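This report refers to the structure that appears directly beneath it.
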Amino acid sequence: MPVNGYKPLIVAFCCNWCSYAGADLAGNNRLNYPADVKIIRVPCSCRVNPMFVLRAFQRGADGVIICGCHPGDCHYTSGNYFTRRRMALLFSMLDYLGIERERTRVEWVSAAEGAKFAATMNDFAETVASLGENKRLEDLRCKK
Amino acid sequence: MQKVTAKTLSGKAASLLNAGEVKYVLGWKKGEFDYDITPALFESAEELEKDFVWNDFSCANLSKYLIKYTRSLSGKILVFLKPCDTFSFNQLLTEHRIDRQKVYAVGVPCSGMADEKKIRENADGITAISETEEGYLVHTLYSDAPAFISKEEALLEKCLSCKGWAHIALDEQIEGEVFAPSADRFDQVKALENMTPDERYHFWQNELSRCIRCNACRDVCPACTCEKCVFDNPNSGVENKAAANSFEEKMFHIIRAFHVAGRCTDCGECSRVCPQKIPLHLLNRKFINDIDSFYGEYQAGLDEGSRAPLVDYDTGDLEPSQVFDWRDGQNA
Amino acid sequence: MKVRYFPGCTLKNKAQDLDLFARKSALALGIEMEEIPMWQCCGGVFVSANDEVATKLSSIRALSDAEEHHSPLVTVCSACHNVIKQTNHQFNTDSAFRQKAVNYLASDTVYQGGAEIYHYLEMLRDLVGFDEIKKKVVKPLTGRKIAVYYGCLLLRPNSVMKMDDPENPQIFESLIRALGAESVYYPMRNECCGGYIALESKELAEKKSRSVYESAKSAGADTIVTACPLCRYNLLKNNSPLPVVYFTELLAEALGAKEDSNE
Amino acid sequence: MQRIGVFVCWCGSNIAGTVDVHAVAEALKTEPGVVFSTDYQYMCSQAGQNIIKDAIRDYRLTGVVVCSCSPRMHEVTFRKTASQAGLNPYMVEIANIREQCSWVHKDVPTGTEKAIILGRAAVAKVNLNAPLTPGESLVIKRALVIGGGIAGIQTALDIADAGFPVDIVEKQPTIGGKMAQLDKTFPTLDCAACILTPKMVDAAQNENIRILSYSEVEKVGGFVGNFEVTIRKKARYVKEDICTGCGACVEKCPMKKVPNEFNLGMDNRRAVYIPFAQAVPKVATIDPNYCNMLKNGKCGLCARVCTAGAIDYTQKDELITEKYGAIVVATGYNPISLDKFDEFAYNQSKDVISSLEFERLTNAAGPTAGKLVRPSDGKHPHTIVFVQCVGSRCDACAEKGKEYCSKICCMYTAKHAMLTRDKYPDTEVYVFYIDVRTPGKNFDEFYRRAVEEYGVHYVKGMVGKVSPEGDTLKVQASDLISGKQLHIDADLVVLAAAIEPDASARPLATMLTASMDTNDFFTEAHPKLRPVESPTAGVFLSGACQGPKDIPETVSQAGAAASKVIGLLVKDKLTTNPCVAQSNELMCNGCSSCELVCPYGAITYIDKEFRMPDRSIQIRRVAQVNPAVCQGCGACTVACPSGAMDLNGFKSEQIIAEVDAICR
Amino acid sequence: MNNRQKQEEILRISGVNARKCMKCGKCSATCPAYDEMEYHPHEFVYMVETGDIDRLMASQSLYKCLSCFACVDRCPRGVQPFKLIEAVRLMNIRKQGNNHMTANDIPSILDDDMPQQAIVSAFRKYTK
């Protein structure tokens, strides 16, 4: 749990075939992770448009994580390879604009990796919480 | 001053027009001011004779106009392309945006272009500019004696790191010397990367906050040629006519840079036309530099039909999580 | 054609023939071999450890010279060739080493890694062409049965040397055939003669050398040809029944340059 | 505006234990579009489903949100429920408040708060849902098998037996493939020809099978159920339907010095040839690279002796276009070139041979009529050294060889060693191995027999160098168990070369848009659960094109592929997933970005006429998605710069609505 | 330095990943100095991999390697045993007083024909 007590808002995009199933497995095994993490199901990580990531930050998300099948295991054979390039470039650009690089992450979680899913979310939530509120990529009008 | 004269170009165009080889000529003509040379379509030798301009202010990259004209006009169009413009032209061919059959592309050797903004910075009320071998004589309302600015001082940003390569994919090439490359175009990108995140944030906050969303960057960009831009599309979820706050300023420029990533030929038109002097090319060059270093050197438009890096992959690509460590290692 | 020439210490002393005939042949072939001024000994063997820098600086100086002159860097001695080529490879693939080496040298012109390195044999094959040599042969070595001896250093490690197929090379054989002699195949042509182990264990050196010349002899050769002074030494010292000569000598002989005056 | 019903499930105490389900139902009542909201103990039960059905009717619902377990669990159930009540099933969304909420969070306030947010996101999405209808496409009831080895033959026979017509395309003049070149087969030692050739004849005689030999696939279009394939039937200069296979032409052909590929160049054939006695079709073929008549117009002997008049020097390549419902790839393997492994002196001595050459040397129909002799001098070898793993299990950076285990070499080498000892007990046989891998029925027993009964010397270690000295091969090797370097004078060295996919596989994969791994083996749709299907719908994999395989494995995979094909071909129509990409032609730039990222080749481009506001007509290149082929990954939607490409069921605005709802 | 540190140092300066070795023994099969060695190339790799460094460093086998690169070229796994042997030898001779050969040894070995190259090479290999 975060030291500063800040409860971040985290959007997790999970691909239907691996990571969403991995999240389900974490649930089946009752592995705790913070409720700050909210999952959006997409067919494949390659469905995640950089615009969605920015949108989440605009609306007040403090961290965005994209989870997909491990490279080479994509249900659609190559989707996550495109994700990997797109997000590498997007995250690099956000960093270039001075936005904390820890607020974005891509993680490969297979359907069998419930424990990894929970551990990833715990770690990510903690990291994001320690950064506090996202102030550099927010839209004040969207704040509560 | 350009080594190839306007006469050479207009003469070539006129003879092709008269011979019926082409029906239109896409070139440049004078606008309101001497430094304001704009793209223009010519249909006759007379028009060319009267209005055609080729000088250090003929910066405009004409390739983008071919999308519109090859669709709406029914004859062959002669277009003049500087070496750097040919990359855009080629990239548009790769993306099937231009009907090659309807274009007669003529390569023009370029001796480097002038940046009107640099000239205007030191001179108000410009009435005329004349070119000399070494630079420009600027006549103003306020002084009888023209001010002098050297060619080096006035050189356009993109020309500082001129690709300096030969023309590609042309029907014909005018003989002549091509401007030689000089600076490393990624110097400024690397300098920014080496700043602290706070410094970077404030740098960009300062730059982008000046954006007035005039859309000039988008309209001039040869890669921004969408039938309908996502920022104009109510269903895209990001429709946005005017940026209301710092988020939207960033959103627009990040998405714009991302949309052209891997397709941007680094023609520099965006920064050239920005009335707010925002160094937009630094966003594009960031992506180009990242692409080059993560996935191997790639120059959009160099080879017609090449696969842009964002529609390609390698199973051994760098993980997003490795990007920063890796780059920090490179820059160290 | 001009090339930068790195002779190496042995060629200035015990293997003067190797050097002399290389120069004479080059003259006959119209190649200008410009000796790199103030060249320094390559060190004889490549020390592979990543953190060995000082031992490789002399090679980098030679490489830098060739780069500066925009000319191929040519060596005749197998050992020099091996050391220089491996050093260049490390320079171009190991950025930490490169940085250190550049700092050590602290010279005005920084080596950029762009030198082209040719062994004299490669020069003959790639820059002159064996067909061309064949045309220039005035005294073909007809009837001679030559066993070419590559040893280790010309061919290995192949990922760096890239001279020829390391297990079934042809470059030396092709030269011999171009000179009009018969090239005799024998399997030990790319095995080790013992090298510097002669100083550590004479027995081992003898054993290795014997296996080489016996293989050559049983294949019917009358002469063994090599590019390496140490190979020649080991074979002869350990009683090779066949004469062991440098390839440059045969080349000079066939080109009719052997008896000419030096300059 | 939608009329949405929200149904919150307790899942007994599974959800209700950590989530205040009443509060969730209550909170979601106020969300835009929600007209009804309730909770129930078990929504998936008959009674629970009835609540949903009743509500759909009573409240004229246009959308349904079920807050329950994972959609991976009951999405299908609730979609069926909705459909039974007359609602389009794709108007149902699930909020996963069990696996992703109640089960992972401990206290009720937290769980409840999150469940409400997840419910809100689902409502926001349904507000933008549109009814979707699965498409249908016809199935052409004909299959194509590419490759006529044992894999292709078995697949074709099984499909044909189920009553469907099959075409086999084989690039060689005869079917049979590698198995036809083998001598005996492990671990039973039955003769390969004895079990293969009857199958070849079966294939030839089966009225559902058409064999297109000496032919290659040239172009593939279409999609599952409806492929259109162009096949090049190469000119063999012999009329196939007239030739009786009598062999008179072969006997008279004066061109006798053509390396015989069937015997791996160890003997010669004529310019006109029948690869082997049991070839199917048993028809002669003229090799245009060697035939004097075809090259210089001189000779014509074969035409003169052919009583059937089958020779036709004017024959041209013929293009056949045919439609298929399913395609099976059975392109097989080849041993790798041994050029890069000349420490074993393959290129330096005729007596260093590959294992496949050894098969031909011991085969009764081979160049020596089955007599094992040295290729160099025809003498009987007294010492034979077998080297395992030549080019297999190499490091990726080693610039040569393959990273994988070729799988079949351990067993065939044991077979070779055993057969040699059996037939020639005076011959000493050494096998150098790194590991002996024998996972297969009766495999290890077989290998042990080679050692224990036949006295084959298995040496753990590797050969470092083979030196051809005179007429012996000096083998220098290590014996890791005794810690010695061995020096063996051998008469024959046999190299177990790694196997690699046939060179035709890569271009074929491109035509099929089927994916391959870095070694050019075809990738299966799922490595465990769908091992005989390619990820590309309607393309199936049979045999070694998917990975190294021995004969029993190949045959079982061939049968499995056939059963998948039959399962497809018995259907009259295919239902297609409606959650597929869709292009808005008005916004499409025609730039091909989407086409380049599509793993299925589902996107094509057409030139389309657009009527402009000024009534002029413009022709623009626009993308079209074939819904029967698209699998709905969405890669194209992000590649598309203009946003013209969107994904049904996961539209950009739907996902953005979810983001907004979560971040609200 | 303890054994573990030595192991790490050897791996670092050689740049070799000893874990890539699949124990096929091709290096030892190809080594021209095999019979003179107490520990053979594949054992070198294994001893470094398992951290059995001291015995290796004490062994005379270190000085028998001919630097012929045959093990480097023929290893199917790209392990480069030669580089390990070189690294272990360097670890030894880089220590004070541990030179394997000294200038005093030379006169007795030298003969008239011996090329400079041999002496230089031996010094590179045996002294620091």
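For clarity, chains are labelled A, B, C, D and E in written order, and residue numbers in each chain start from 1.
Throughout what follows, contacts are C-beta pairs under 8 Å (C-beta built on N, C-alpha and C of every residue); 3 or more make two chains touch, one makes a residue touch a chain.
Please read all numbers here as calculations on a predicted model, not as lab measurements.
Taken together, chain C and chain E share the touching chains D.
Among the other chains, the CA centroid farthest from that of chain C is the one of A. A comparison of C-alpha centroids places D closest to the centre of the full protein. Each chain gets a centre from the mean of its Cα atoms; for chain B and chain C, those two points are 53 Å apart. Here the CA centre of chain A is 34 Å from the CA centre of chain D. Averaged C-alpha coordinates give centres for chain A and chain B that are 36 Å from one another. Mean C-alpha position of chain C lies 50 Å from that of chain D. For chain A, the set of residues touching two or more other chains reads 50-51, 55, 78, 82, 86. Counting partners per residue, chain B has 230, 236-237, 310-312, 315 as the residues that reach two or more other chains. Contact with two or more other chains is made by residues 158-159, 191 of chain C. Inter-chain contacts occur between A-B, A-D, B-D, C-D, C-E, D-E.
Contacts from chain D toward chain B in the complex involve residues 518, 586-593, 596-597, 605, 616, 618-621, 639, 641-644, 652-653, 656.
Against chain C, the residues of chain D that register as touching in their complex are 339-343, 345, 347-348, 399, 465-470, 474. Within the complex, the chain A residues that touch chain B are 50-51, 54-55, 57-58, 71-72, 78, 81-82, 84-101, 104-107, 136-141. Across the complex, chain E meets chain D through its residues 20, 22-31, 34-35, 40, 42, 70, 74-79. Looking at the complex, you find that chain B touches chain A at residues 192-193, 197-205, 230, 236-238, 244-245, 247-248, 250-251, 254-255, 257-258, 261, 283, 286-287, 290-291, 294-295, 309-315, 317-321, 323-324, 327.
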